[in-house]
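Letters are used for the chains, namely A, B, C and D, taken in the order the chains are written, and counting of residues starts over at 1 for each.
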């Protein structure tokens, strides 16, 4: 079996976790699997780099550089000595060179007081640059051949949107050409989170960039499965803090994982899943602390289940914003004006609902952005395009997710009847035409109860509905 | 009682209808009510003016001008002779002068081949300009003093958005100053559909402009009620072609009329209601053929009724468009990009639904615009912002409206359970935070049945739910 | 011989002048010449039209319309009765129709308070529209067949720059196809100053538009010569008010007439000459009061004369503006910034001089625009691009013109030595690489003397230098 | 006496020249003068830095960095050891630190493949950064106290136009506050060519930046004179290669030096002179190889001389471009269009001449830019704004300069008569209203002869005209 395994920050954070990680890889290697590995920075390192970059650019002093370099040296060398005593020296040399390069760029940024998007991206990839030699040395210590590549060397070509680059289609072939030949000879260790532009400039892949790297590499090498190693057992029916009997799902579809994003984001960002979805490569979420557990498989069609609702997500601390006015009716430009105003203020809209009257567009946004949103929309009121903008702060958004909802009759009835029986008032509803998700808004107070009521209604704690 | 009465095109179309109209006004005048009247053009005249304006501007020939002038002369003089024999001569002179002015401007447009927004607005107000003297003469024939004013003279000041002007706030005081003193001395006859800019340039008020004029004048004179005379008995629980037992509603709230707009637009466009809503002036929809019937009263708070759903609207020939893609998640600019692309193509969006995953925005648009919408959104797919855009054509949108839904528990459950029992699959749902409207999409085939099912469920044919 | 004759406003202003004009045309017609005629409006009429257009557009009243119509009727009918008693009735009918059309458009502009570039152009062509029938009737009275055409009908197609339209290349063939066939049958009378866009919209040709029309038509019909009839004998060596012995030049080249423009503009605007220059058609400036005099011929190569200076122009009431600063050196954008600032303020620059140091650009502009120019350039001083801007008001510009100056050695020396001997200080000099013109600036006081000195130096009052 | 002395690249290039420089400074120091010194980079070093910056940014390799660092170390240390044996060690340490910083920034630019305007400016100041410690050490060796400051530390605050920054007015006070107190205690050594923005970011001052620094510092410390040390004796009447008897001028005015810029640029760029001109500080151009020679003094009013022409400049390899067309007459926008087109193509215009006809604008540009200029102007021909654009390549521009020309009668006559007698055809002339400069264009062949003729005419080789 050909596998791509991705290990996040907590799986490569110290001697113990690197040990566990290497043991997992080793087992599969010995068993004859072909394995490529994508690794993250040690937990917290990327944040440290972001902080120091800002500090030196603002030019107050370079005092932070040396302590940081020293602490990074210590962290990585300590793990190295523990997990790869026989290969520590070579790896330490590489780490030292990279620390020099890091110090160099930080000093240059300080001298110029100028942090360009390009130099920022370069700096914040050093977490992976320092960690990859450690993991590779640990694999060598266990007898594996472990070439190290950065994201661009591995074949990830991206747009030049620094900080949020998107992979270009030709990456797949590049990755295949570069990594596949290595698989028969060892375990390539690839730095996640980064790529190159066509001109060879280093970029970073943004939020969940390491997962995104993993899926890109996994698809590029035509892996049988892509394994995302985490510290949880998989994707659950809902947040166990809300419903203690919540259960790990054996499989979910790509579509469902998209819809579960908010809740699921803690496990895997939907953006990262898209390349796998296009190619149909299964992605498995697994737990390094419980490696024998199957985890959750993300596939095109998940196992059948008579229950149309499969999982529930919950978002608290949100607010609704209602935009009303008869002048909005029949005017194509009003929605543009509303969403332009919000985008100009960087306000992210989680839910949108406009009923057929068009006299009213309701939005759900983060509670902290309510003041900003209302202000952003005020000019539309002054211009007479909109009559009024009102906000409601103490609300929560709940989504019931399940691909089986599509075409199933009475789902909405069952959901809203259950809530009605539970005495829960539903303030806003949105079901898109994918029919894999019904989202609704209730008061903050009713939120947890709404999740519990539906978890119960659909008996989601039970393995099967039969 | 002080009343503003508005008579639309069918109420002032021929000798018979003008007779009915004058009788109504006379009755109230005699009864001591203060009445101001807003009148429309004779049915069809505005369309004729729009057509001839386009013809002469394109410059092929002036052949259409004389026949049009002649036909307009005949239409108006014929009514005039029938309803106001003793005052026909004076009014005919005024009509003749206006026909001269109309011929003049049409000839000038032909000579220049240039129809500016300003000259178009001027031309298309001639329907009202010709009709007002006729109605006024008929009132004089019945012994009433009937001064005639165009919209601007009556005090309606507007923005300079020719063809779609919006009234400026100072209109209210202007109207009051000009019209109120006339009420004790007679029945002012005001041409609907038009106003002046601050510079005195004639503008038109767009769709349902006469209703809008009526509400503006009614609020300006501080009327006790504004009566919109039509040829139906009022606003109904639903379209009687779908549900023969549909019933006229005694009262609806401003909010409900907004939400009923699509269905209700045939009676009254919500845009016109807004000034009344701001001031709290009741608006009554009445039937000239059945003047003793109370009609439907539109007020701030409609009568209480235990039924939370009060009326149902139905829109066929629509389509859903689903826009999906994980890159959309957490990016404020994507909604802007979508609605800008649609606005650039003049595509009007009737329903919007975005669930909490943000990976999916669903829209309802007119079926005829689907091709255009999909094409408009294609660049977002090419740019990788959106993964795919899919459309579903054979669908219908239904809305259940009722201010009582706000805060009522289980409404959604009751609605969707009833539909589920009826074997109807719900494809998309949207309930905004006003909670006065739940909109949903079903297959075209299921549409009428959905309306019937809910009309039955809420026993809307019965006067009261008790 | 095929001739195009153009008669300006003073040649078609009253019965007497029309009589003279018709006599001239008749003589050539009888002599067997093929003649086409371009006529202007009666003197002053176009200005009256410009005034009334502005008045009605501003919307104060329509009081001016009727008196204007009446006065135009009288002016034209009076001439008509005098010069074409037998054909007056038909022509009067045409005039009446056109007066109706003029009243119509003025009334429409008043009603709309809107004067578009298109309607303005249409209105200001009525001077020619009213005058052409008069001249044609006078020709008929003398037994000539005289079809009347407006500029567009004659084949002048233009750009759509209303008020300043430029003829399109295809005009030449259009004119040829339309006018040439008429020449064997009579004397076509063509309204100057106007054309059509490709869409058939009326345009006007701007300053000296009638001369421009004449040259276009003359080139279009492949005329042997184009005769511009005026009230002076031709183009002179200098302004006779400055030098009483100034002499009419027998011939000048196209290039020289361009350079003489300021002085010569009273006779013929260079812009009008360009089509003739392209084709090589000779243009002759003649005097209606002295028709037997040869006038001045404008041709590609004027007669040889040993005197390299042929004529002198003088412009008083001008000012110099000096723009200095070392930051200007070697910066391509500074000249752009200067001329953009001036163009934004509609300041026309008559002379420019920048010596090789680039630290200084000197301009000559109209004295009345000095304040505006200095203000327009102030931002460049504030921005540090320019060190200072200084103006000198009491100056005059003189130009010595002669195609023979090109390649002649010592011309500058002779000119400036003569001026030096005359005690005249030269403040600014500009000689372009055409070498047909040396322009210089002297104090206002020295201006006339400078002209007289050079007129003397080159013995310009004498027929020949031999 | 308080003096600011500036030593250019050739005066601080090797042990010998530094020796001479230090001897000069020492002599004045001993004599009791207060002296501040501005120094350049060693000859050629700035160009080396520009080259390496481009190389590493293009990212081919870092191979050039080490050899450059090594060569810079050798150059500076060798001089240091020779001129300051007792102070070499300390200075060498400073040089070593700066070489480290230089290597650091070059490496960072290579790593990022990104050379921002800010990083470029920082890099190209290293020539001065390395050289200042050497000169200071040499001064210390001679017993002088010699604090070293970079341009910003010395008080030069600039705009943020990297590569071409302009000093801000507040610099003068800053410089005074920082440098004046040092003068009583020693000889401050200030790095030329650079400043700081208000935010403390390093900028460079562009062409002739060290001279500009010198004048800024000289004015800031209220120097009695600013001495610009070069390798020539001063400013000459003309280029001695053209006229072997050319003579050094004892004094010239600020205005004359501006006008002499092209020729004079080899000595001093006019841009650098402007701050001195504003304050009236005399600037003296002197020769390090001939320090006892007075040099040329640049002052507000130069010594009187009956000769109105004082110096002659010559520019070969230029071309004229003539832009003609009658449509240009009276249109303010045409000059804008022309100079915008040229600026967009980065074409620098050395001479402009537009005579009073406006039908013709003639320009002088570098011969190598003719093709580009003609192409840049082609769109104006296509649009019909301009009739034709013609170029003449084999020409030379000559300027006769002298402040005494202002108001002198017959200067132009004398110049152009002399040229005429010499058989030289003048193709274009430009004299701006400063009247301190008459520029003209002759054929390339006639160029040198024109200069010689006028040098002779005005007996410029003779000390005085008396």
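Here, a residue touches a chain if its C-beta (ideal position, glycine included) is under 8 Å from a C-beta of that chain, and two chains touch if they have at least 3 such contacts.
Computed from a prediction, not measured in an experiment: that's the story for all the values here.
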item: Identified repeat of the C-D interface (over half of residue pairs identical), from A-D, A-B or B-C; value: A-B
item: Label of the chain whose CA centroid is most distant from the centroid of chain C; value: A
item: Chain A-chain B separation of Cα centroids, rounded to whole Å; value: 48
item: Length of the line joining the C-alpha centres of chain A and chain C, rounded to whole Å; value: 74
item: Separation of mean Cα positions, chain D and chain A [Å, integer]; value: 58
item: Multi-chain contact residues (two or more partners), chain B; value: none
item: Topology of the chain contact graph, where touching chains are joined (line, ring, star, complete, other); value: ring
item: Chain-to-chain touches, reported pairwise for every pair that qualifies; value: A-B, A-D, B-C, C-D
item: List of chain D residues in touch with chain C within their complex; value: 159, 166, 207, 258-262, 269-274, 313, 315, 320-322, 324-327, 329-333, 335-336, 338-340, 342-343, 345-362, 364, 384, 387, 392, 397-399, 401, 407-421, 423-435, 437-441
item: Chain A - residues contacting chain D, complex; value: 59, 101, 104-105, 107-109, 111-114, 116, 118-119, 122, 199-201
